[in-house]
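Next come two complexes, and both contain chain A; in the first it sits with chain B, in the second with chain C.
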Partner chain A sequence: MSSSIPVRRFDTLVIGAGGGGLRAALQLAQAESHVAVVSKVFPTRSHTVAAQGGMNAALANVLPDNWHWHMFDTIKGSDYLADQDAVEYMCRAAPRLVVELEHAGVPFSRLDNGKIYQRPFGGQSQNFGGDQAARTCAAADRTGHAILHSLYQQNIHAKTHFFDEYLALDLIRDESGYILGAVVIEIETGEPLIIEAKATLLATGGAGQIFRTNTNAHINTGDGLGMALRAGIPLQDMEFFQFHPTGIAGKGMLITEGARGEGGYLLNKDGERFMERYAPNAKDLASRDVVSRAIYTEVKEGRGCGPNADHVMLKLEHLGPEVIQKRLPGIRATIQTFLHIDPINEPIPIYPTAHYTMGGIPTNRYGQVVAPLGNTAEETVPGLYAAGECACVSVHGANRLGGNSLLDIVVFGRAAGNHIIEFLEENRYHRPLTGDSVDKAMARLARWDQKGEGESVKQVRDDLKKTMEDYCGVFRTDEVLAEGVDKVIELEQRLENARLRDHSKVFNTARVEALELENLMDVAIATVCSAHARKESRGAHSRIDFPDRDDERWLKHTLFFKEERRLDYKPVRMKPLSVDSFPPKARVY
Partner chain B sequence: MRFSIYRYNPETDNKPYMQDFEVVVNAGMMLRDALLNIKEQDESFTFRHSCGEGVCGSDALNINGTNGLACITPISPLKEPVEVRPLPGRPVIRDLVVDMTQFYHQYRSVKPYLIVHDPEPEEEYRQSPEEREKLDGLYECILCGCCSTACPSFWWNPDKFRGPAALLQSYRFIADSRDQATAQRLEELEGPYRLFRCHTIMNCTNVCPKELNPTKAIGEIKKIMLKNNT
Partner chain C sequence: MGANPETSERDKARLQWRCRRGMLELDLLLEPFVENVYDKLSEEEKQQFHALLDFQDQELLECLMLQKKPEDGRLNGIISKVRSTV
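On to the complex of A and B.
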């Protein structure tokens, strides 16, 4: 054990300061648990800030609604891969948690009666598949910003301890499997620090940066996913990666599903509202996987727009300037900035873009990390929790519904916080720091001090993102995926020979990016290997060679282990908490 | 296109200097794209950035003398060589990365959170669309720091003057129909510095990349104070 590294001690360590991490931290700080939040960026720069359209909750402020309908839509949207106990828990908690956020200061848009404004979103229905519902609570099209800032503000009030611009390297795990905290580095000084904690929560977000064109921020590099894999914990359902239907063509910036929720629709080069063919009932508000595949098909069959026929159009003009200015001001500004057009007057060129990591660190509905490490498929990893996009509860299964990710982070951030409070009551003392985790983390850091010739990190990263886009995109086949596996493994070897030119300590972002790339590499391998193995089409995982869903063989969760790139499977929890199970049915919109 | 970039690495440089880079530009390129290209040329070049679409507030810089966000600043209209410097008045950590501690401290000082004394109802607080509209132009702040670091009053008194970003947040809560701490908020802004160092120079409003108007918010706070004192 390296003894020269300074140590700080807290009851709980939260890694990541997006909505999930901050909601958990708030729960803990209010319970007077000593909590530290480590974030590689200042908290309000976390990617929750970019969420636009809103957060689902059956408030029934606009149209009739109840949590049970929300539960059905979520399970159908997941293509029946979601765990039904967790979905019931989330949908039941949703109305209360939205109200809680409102009380915490979130500036939701309002209806004339003073209640929270709700808009229709994709995959929502009344009465188990009937008419369109309006379930998405919105603060214009800046809901993520509104929620993240309010949660940060409440954490200021609760005196949460923040380590801003510290990068977590690896978890510390002792011989009996307890997680004892993490090794981090202070980016400003480059100095390592051990943060000891009785409980550690990973809330590090998604890994959209494994794909070249994505809606994600530069920081979305799956750090928690890499840390879990290196600690021997598997990742679940990584083959399910969501491509958002409406990214700005060629650039990737997100145009919220709320644009279609407010009445926008898609057109091909013939001016046809083509979604009517793919989803006769829900049309443009079908699930994201359905709409993304439809756009790909339109383009592939020659009905794309523009000189290269490589995108389709999102039409909003008919909504009128008032709706666009009031309900969609953020995307209007983005479109004006990046396309120099005004959606009030012109349609927007759009194309599907990598957006959301459905898979992640396997947890139960209390946020406890569970893995087949002992005798059963779901042994808890003591002292370790995960919440938000980095976790896989699973409430999103094979395809997440729009508006369910902001909900996921607050519901399970809070649930994890609550369970940690219980855990701390039973685990009153820090366990002694033993094991070789710290040495391993320091070796991982020291490896980048190597000098001499070698490829640049940037080159390997660019090639990885291109490879994932080409070999693990929306439509997949055995042949292409097999080649993808080989190529990504080749890249992993190239990464070993990559070298930094800059070995300085102070605010060395080149080093940060090298460490991030190691995480992206682990995540990419998990994704392409899991995708290659799943021989069916379900939700976002679309196999041309296995076009149908195969519940008999594949109604199960994938688990990918870093060691020997081993795959394992576990059953889907089909039994909800209190209501009847929703058995798999054909999924039509 | 030519870029002149502020460089300073405390481990190797006695003092900062400007360094020139050439970048091959294409249509629609933003300043952030050019800076990423420069980082490809010289890995040691350091700046903060993340979302790439003007919502996270990481990449606030001084561009040809004016503060702005690199990711939503198109480079085609910029005068050559494009001079890129760190935000003014803040201690430089390295290259374009500045220490924003004091800025964040001032933000925390205005108690930027909703304060309600009454018991909470089971449902949401009711707020009419008109009441909610009063928060537009206030809640959208991304804490990039462009405004406060463009403000001469903040340059001279960053420890005593709250600065435009923090004062905008203060007014965001004063203007919120749900907040019950207006009197306390106003009282805490009394005195010659915290609020009243604002001399309506309006640099803040001119540079805000989200087109918010801190000067107006500060004016509104002054108006309420004046009304209360008469």
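On to the complex of A and C.
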């Protein structure tokens, strides 16, 4: 064991300072646990700030509602792949947690009667599939920002210890499988540090950066997912990646559904309103996966716009300047800033963009990481927890509903915090640091000190992202995915020969990016292999060669292991906590 | 910024890391600016850029997208410069 590396000891180590990590840390710090939070960027710059739409809870402030309807919508939206016990737990907890956030200072927008305002979002219904519901609570268009800041301030107050701008490299695991903390590096100095903990929580967020066109901040490189894989833990349901139909072509930024909600529509190069062909009723407001596939098909069949015929157009001009200025000011500002055109006069070039990682580290509803490592499919990994977008509880199944992710991170961040408190009562002492994980992590770091000729990290990363977009995007077939698997494995070999030119330690961001690329690579392989194996279409995973959902063979969760790229499966938890199960039905809107 | 090329390279790296934010829009506005334009700024403009980076993400986004004016009016110039490089 590398004895020269300094060690810090805490009861709990939380890796990630987004909404999920901070909600868990708060629970722990308030219970007087000695908790450290590690974040590669300053905590309030975590990706949770980007969530502008809002958070779902059945408060029934605007229209009738209850948690049972919310539960139904979430399960139906998931295309029946969500675990129903976890969904019930989340939907029941939602109203309480919104009120709690409000008391902690999150300025939710209000109705005239003083109650929290709620907006309608896609996929929300009253009475199990009836009329539209209004379930999304928002703090104007800065909900994520408000939640993150409130949680950060509360953590400072509760004396959580922050390691800002520290990059977690790998988990430390002993021979009996206990997780004992992590090896991290301080980005400023490049020096490694061992953080020992009785319990470790991964809350590192999503991995949108595996695709070239995506809506995620550049920090979303799936680091926690890579760390789990390298510690021998499988990833669950990675084939399910949500694509948002209306990203700005070539850039990825999100143009919200609001634009189509206000009456905007999509056109191909012939000026045809093509959604009428794909979804005669809902047209441009059909569900995300349907619209994404339609855009892809138009482009693929040669009806794309622009010199490279590689996108379609979103037309807003007919709404008139007033509507655009009043109802869609944010979208207009984005278009003006990045495309230097005004949507009042010109249509917007659009292409589907990767948005949300439904899969992740398998956990139960207490946030404990579970895997088929022993005799059962859901053996807990002692000392390891996961919450937020990096975890797969699974409440989103094959497709996440808008507004359910901010809910997921606070509900399961809190639940994990509570369970860790119990775990700490039974595990009072740090276990001895044994095993070779520290050496392995240090070897991973040292590998980037190799000098000499080699490809650049940027080149491999760009090729990986393009390959994932072309071979594992919205439209999948056996042939395309098989080629994708080969190509990504080839890229993994190329990565071994990549070299850095800068070998200094201090603020070596090139080295950080190389370490991130290793995570992207592991996550990409898990994604394309899982997608190739699943021979059905369900939620976000759509196969032209298997266009239907196949509950008989595929109503099960995928588990991908890094070792030998092995796949395994486990049943979906169809039994809720207290109500009747929702059996799979056709998903029509 | 230091005259020593080693130091200024580190300062640049530090600056690049500070431009890694929680929103793609900000990454796309700030990263190319540091890469291609920052070195050509006057000392005063560099200071102003650093002042912008101290903003919280949400506020920075609103200012850079001209949906809000910064409290310190002197920052308007650097905001236009950042916008003009996208």
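By definition in this document, the second predicted complex is superposed on the first by the 498 of 589 C-alpha atoms of A that agree within 3 Å, B and C clash if a C-alpha of one lies under 4 Å from a C-alpha of the other, contacts with A are read in each partner's own complex, and residues count from 1 in each chain.
As a convention for this text, contacts are C-beta pairs under 8 Å (C-beta built on N, C-alpha and C of every residue); 3 or more make two chains touch, one makes a residue touch a chain.
Quick caveat, the model's predicted, so the values are computed rather than measured.
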Clash-or-fit label for the pair chain B, chain C on chain A: clash
Of chain C and chain B, partner touching more chain A residues: B
Chain B versus chain C as contact partner of A:114, first or second or both or neither: first
Chain B versus chain C as contact partner of A:9, first or second or both or neither: neither
Contacts of A:157 with chain B and chain C, given as first, second, both or neither: first
Touching partner for A:509 - first (chain B), second (chain C), both, neither: both
Touched partner set for A:217, first chain B, second chain C, both or neither: both
Segment of chain B that clashes with chain C, given the candidates 23-31, 131-139, 185-193 or 221-229: 23-31
Residues of chain A that lie at the interface with chain B and also at the interface with chain C: 41, 44-47, 49-50, 142, 145, 149, 188, 217-219, 253, 330, 333-334, 337-338, 504, 506-509
Sites on chain B touched by chain A in the complex: 9-12, 28, 39-40, 43-44, 46-58, 72, 74, 93-94, 97, 100, 104, 108, 111-114, 116, 120, 122-129, 131-132, 135, 139-140, 142-143, 173, 176, 178
Contact footprint of chain B on chain A as seen in their complex: 41-42, 44-47, 49-50, 98-99, 102-105, 107-116, 139, 142, 145-146, 149-150, 153-154, 156-157, 188, 217-219, 253-254, 330, 333-334, 337-338, 456, 458, 500-502, 504-510
Footprint of chain C on chain A - complex, ascending: 41, 44-50, 142, 145, 149, 165, 187-188, 214-219, 251-253, 329-330, 333-334, 336-338, 504, 506-509, 512
Contacting residues of chain C [partner chain A, same complex]: 6, 10, 13-14, 16-17, 20-29, 31, 56-58, 64-67, 83, 86
